[in-house]
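Just so it is clear, A, B, C and D label the chains in written order, and each chain counts residues from 1 on its own.
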Amino acid sequence: MPKNDVAVVGIGQTKFRSKRRDVNIPEMIYEAAKMALDDAKIEPKDIDAIIIGNMDHFEGINFSELWCGIDAAPGYLKPVVKVATGGTTGSSLAICGYYNVASGIYNKVLVIGWEKLNEGGATTGIITAFDPVWERPSLAGALGPLALMANTYAAKYGITPEQAAKVTVKNRSNAANNPFAHLQMPNITVDYVMSSQMISYPLRLHDCCPQSEGACAIIYANEEETKKVTDNPAWIQSVATAHYYTFGTDTIMFDLPSAAIASKEAYRKAGIKDPVKDLDVAEIYEPTSWSELSWTESLGFCKSGEGGKILDEGITQMGGELPVNPSGGVLSTNPIGATALVRVAEAAIQVMGRGGKRQVPDVEKALSMGFGGSLWTEILILGKEPKR
Amino acid sequence: MGEEIEKKVFRGRIKVPYKHTSGAYVEKFITYIGKNHKIMGVKCPKCNKVFIPPKMICFECFEKMEEWVEVGNIGTITGFTVITHSTPVLPLEPPFAYARIRLEGADTDFVHLIKESDPSKLKIGMKVEAVFKEKPRKRILDIEYFQPI
Amino acid sequence: MSKRKDKEKVFEIKWKTDLPYRYSIGKLAVKFFEELKNNKKILGSKCPKCGKVHFPPRGVCADCLVEMTLDDMVDLSPRGTLAGFTVVNYPFVDPNTGGMRPFPYGYAIFKLDGADTYTMHFLDEIDHTKMRVGQRVEAVFKEERQGNIDDIPYFRIIKEEE
Amino acid sequence: MDKVAIVGVAQTKYEAEKIDQTYMELVFEVVKKLHNDLGITNDDVGSVITSSNDFNDGRTIANMAIQDAVGTVGKSESRVSGDGAFAYVYAAMRILSGEYDTVMVVSHCKCSEVNQYLVNNTIFDPYYQRHLGLDQISSAGLMANMYMTKYGFTEEQAANVVVKNRKNALNNPYAHLRKEVTLDEVLNSPMMAYPLKELEFPPFSDGAVAMLLTNKELASKFTDNPVWLKGYANCTDAYYLGHRTMTDLIGLELAAKEAYKMAGINDPVKNLDVAEVYDAFSVHELMSYEALGFCNKGEGGKFLDSGETQMGGNIPVNPSGGVLSSNPTMANGLIRLAEVALQIMGKAGKRQIADSKLGLANGMNGICSQGNCVLIFGGE
């Protein structure tokens, strides 16, 4: 059991868009940080530490935390630390913030994930994440490998493009109820997705996540500080991380081994036997429609190959047994450095019952997932009750 | 020997043309330099400090700053150095000087260039004046350098 | 892929990052490219403890946390089995050049006969209807080789009748 | 504060270039050394925190390149994108949270693979500072000149820091530069960023460092003299150079005060037995004496001349030879911690300070001490 229970007491998100023409990087981050501070009713000077991160070569700013931690967040004369692990940056930030408080070293910590993707470009940045000799010459960012794996997955379990398209339809109609989401398509149809331009077979444009600009901030507090500011926090019940090999290609990405390992550990720590029964909502990391089908299997929501089935049976729809991505997910919003932190924030919003039109009724336990690097997964489970 | 080394390494590069949205504060500061040869700062409503270069947040008070204040084109040197090492991103041929300058009316210093290669010719407290570029290119170097007066 | 709706002038500050790197490739890769250049051979590295054959070759077996040296390098067949395929059909800036990478191009993940890890590389086909998981693929070697990854410009699909 | 111990450290030799090693192999060397020294296997390691920099390694997610070498297939690893000392702090937090019994910290850096001036130039923002071509050398010159002008002390005092540290490095088998320099050699080396000359700047080095942390219960299983964390603080100064008091290291000063309070130190020179300070350039160590409260403001030069920070002094500073002798940039902070740990464990060989009980180490991020963490370690 950790020394100190840790709760999310404040949340801030910018309205995610393809291009924020009106603000520069610190000004964009300030929006989310200020919103989280106001939400938590905590004075900027009372924040003990700031954990902030993005992916360096997307915007080309080295030690970006030393600029943004001071000019966008109340970091002056305080600890400002950068954690960055690729697509999992957001969840790594959330987990680092959790340990900052669970260790008892700090009481109130501000965690910020951000990305201004269109200043440099996602695919260009992602290519630089891989081996310069063996992988970069042919790599086409994340979408290339994700397309390869979608074909592997399709061949193995007979999954059809229509089943994949239904994920986009579910998530982007969910996003219509989420004021922060980038792509909101209330009347999207399978045909609309199936007729969009072929990007990288079998991935069409609307099978893929967008490039978004925006920031997300959450504030953690220990038990004592939490009581002072809210009686409706979201407690962190368990965190788990599973990394994998250096070369992303050593294994097949569909049926994601690290998701199976990390989710089992997170479930064990949070006392979850059957995720579909014991969890009330899940915010997972789906860069493509196909990813959600396969990775709900790796997360133990169903047996291998049945990701399409549980979607068709409505289990993962709003109103189903385990709604997945009421926020619209990554398919609707993808500011990579913030994406996995948005999952944590949205899970917290569901636990706090503040989801508005996207709220799942009486949520006790929510799962959030980060994916990135060479097939890494991070899980945080949030709940209404503290661990003890 | 060079041939041996080349076998052991891969000559790669990270080459990306970044385009950074400036935001209102950078736009006004850079535009005023280019168009009006004026240097604009912003004032914090709480501690009344005038910041050069200008930005949205006063980091001491964590307050949004909205009041613009024109500062002088003349200032005093509060620190300087003369560099001799060359790098691919230097705006001038070394040796030349970097100086910290406190412009009249500003409460913070501002680092820029001085075309001086002999440190004995520069002193803390000296007066310097901004020299503006004829054809501005929307960047901080639209002030080409500062000139001792 | 975002549409350029209202292209009103955004005040932007431009910065062309150009960082040249001299990446060390390690002794095993030096040997790999030597053999590739001189003898058209493809080498992997085999873990002395668990026997897992890694391609591309590398200095550490992650499962056993054991070193792999030049003595652990093994010959691999230039043929393999296709595990996944796609046709990359979207524009992006290639950070190696700062310019756009030409597309479309075929892209495959396959496991070479004798290897225990998968690998991704260019494929000579750009019509996805001609690709199928399970097809056999083969490395295509340049005649004039320099000892770098371009010595195998792409893999080709071995037609059934061959 | 609860207990967390360093139970073992490992370092590679620091040198100008390790051209035959990939990042994976470099990190594997130091991880294997740590495992062998402690007689442990990968199963004894609960989770791993690494530190690296994407600009220096030429790779976004730089820790991806070393995954195979840190043994985290299916295990938890995270990466602090900054100096290794900050990664130690995150690892200590994982132990103190009670969720991990052992955590390994690894930091690596190869300065030989990229132009270090270019990498440091990218720390400056693209709007107001980067086009000026600023880097760590020009900023150091600016700081040194302001400091020396304000407190009026001599180039000899600054140069003597280099002489001291380079002499200490002779006793450090890991050090990159293990050749003494005389005062004249330093003073006559070509001027680089007035008033700093070439030899007043550190070399560029390749290398890696690792250490294992455990909780109180497991510490004795690994070592007879664990090194306990007694005090810690972290403070970040303003970002723009012009917004900082560059004549004093305010961030380091505030961090030191807080760390001393936590460790119950009221007179650092008396209470501490050894200090490994981040000497980014000659004058920087003198400024650090003042910020760390070893002496009053402006008396850094005098304090050096007094011999207090020499090997025989009351507070020997940088027995390892410091950054001025070995500079694998991103690993510098963790090397400071490792060297203090070796002193307290009595394993510092020829550079051992007799019965060191309490030591200080500090890490730095960014330009001219913008990000500072100060850590106090003790034997009991």
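Basically, contacts are C-beta pairs under 8 Å (C-beta built on N, C-alpha and C of every residue); 3 or more make two chains touch, one makes a residue touch a chain.
A quick note: this is a predicted structure, and the numbers were derived from the prediction, not measured.
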What are the mutual neighbours of subunit A and subunit C in this structure?
B, D
Quick one: which chain's Cα centre is the longest way from subunit C's?
B
Go through A-D and C-D and name the pair with more C-beta contacts between its chains.
A-D
Using the average of all C-alpha atoms in each chain as its centre, how far is it in Å between subunit A and subunit D?
34
Using Cα averages as centroids, what's the distance between subunit C and subunit D in whole Å?
38
Averaging over Cα atoms per chain, report the distance between subunit A and subunit B in Å.
38
Subunit B-subunit C separation of Cα centroids, rounded to whole Å:
44
Listed in rising order, subunit D residues that touch 2 or more other chains are 19-20, 24, 55, 58, 67-68, 73, 115, 118-119, 122, 126-127, 130-131, 238-239
Among the residues of subunit A, pick out those that touch two or more other chains and give their numbers.
19, 21, 24, 57, 60, 70-71, 75-76, 118, 121, 124-125, 128, 131-133, 136, 245-246
Which residue numbers or ranges of subunit C touch two or more of the other chains?
10, 13, 15, 17, 19-25, 29, 58, 62, 93, 95-96
With chains as vertices joined when they touch, what's the shape: line, ring, star, complete or other?
complete
Contact set on subunit C toward subunit D in their complex
13, 15, 17, 19-27, 29, 58-63, 65, 67
Per the contact definition, I'd like the list of subunit A residues that touch subunit B in the complex.
19-27, 30, 44-45, 57, 59-60, 70-72, 74-76, 116, 118-121, 124-125, 128, 132-133, 136
Subunit D touches which residues of subunit A in the complex?
1-4, 24, 49, 53, 55-58, 60-63, 65-67, 69-71, 75-86, 92, 95-96, 99-100, 102-105, 125-126, 128-132, 240-246, 257-258, 261, 372-374
What residues on subunit D touch subunit C, complex-wise?
18-22, 24-25, 28, 31-32, 35, 41-42, 55, 58, 67-69, 71, 73, 110, 112-115, 118-119, 122, 126-127, 130-131
Along subunit B, where are the residues that touch subunit A in the complex?
10, 12, 14, 16, 18-26, 55-57, 59-60, 62
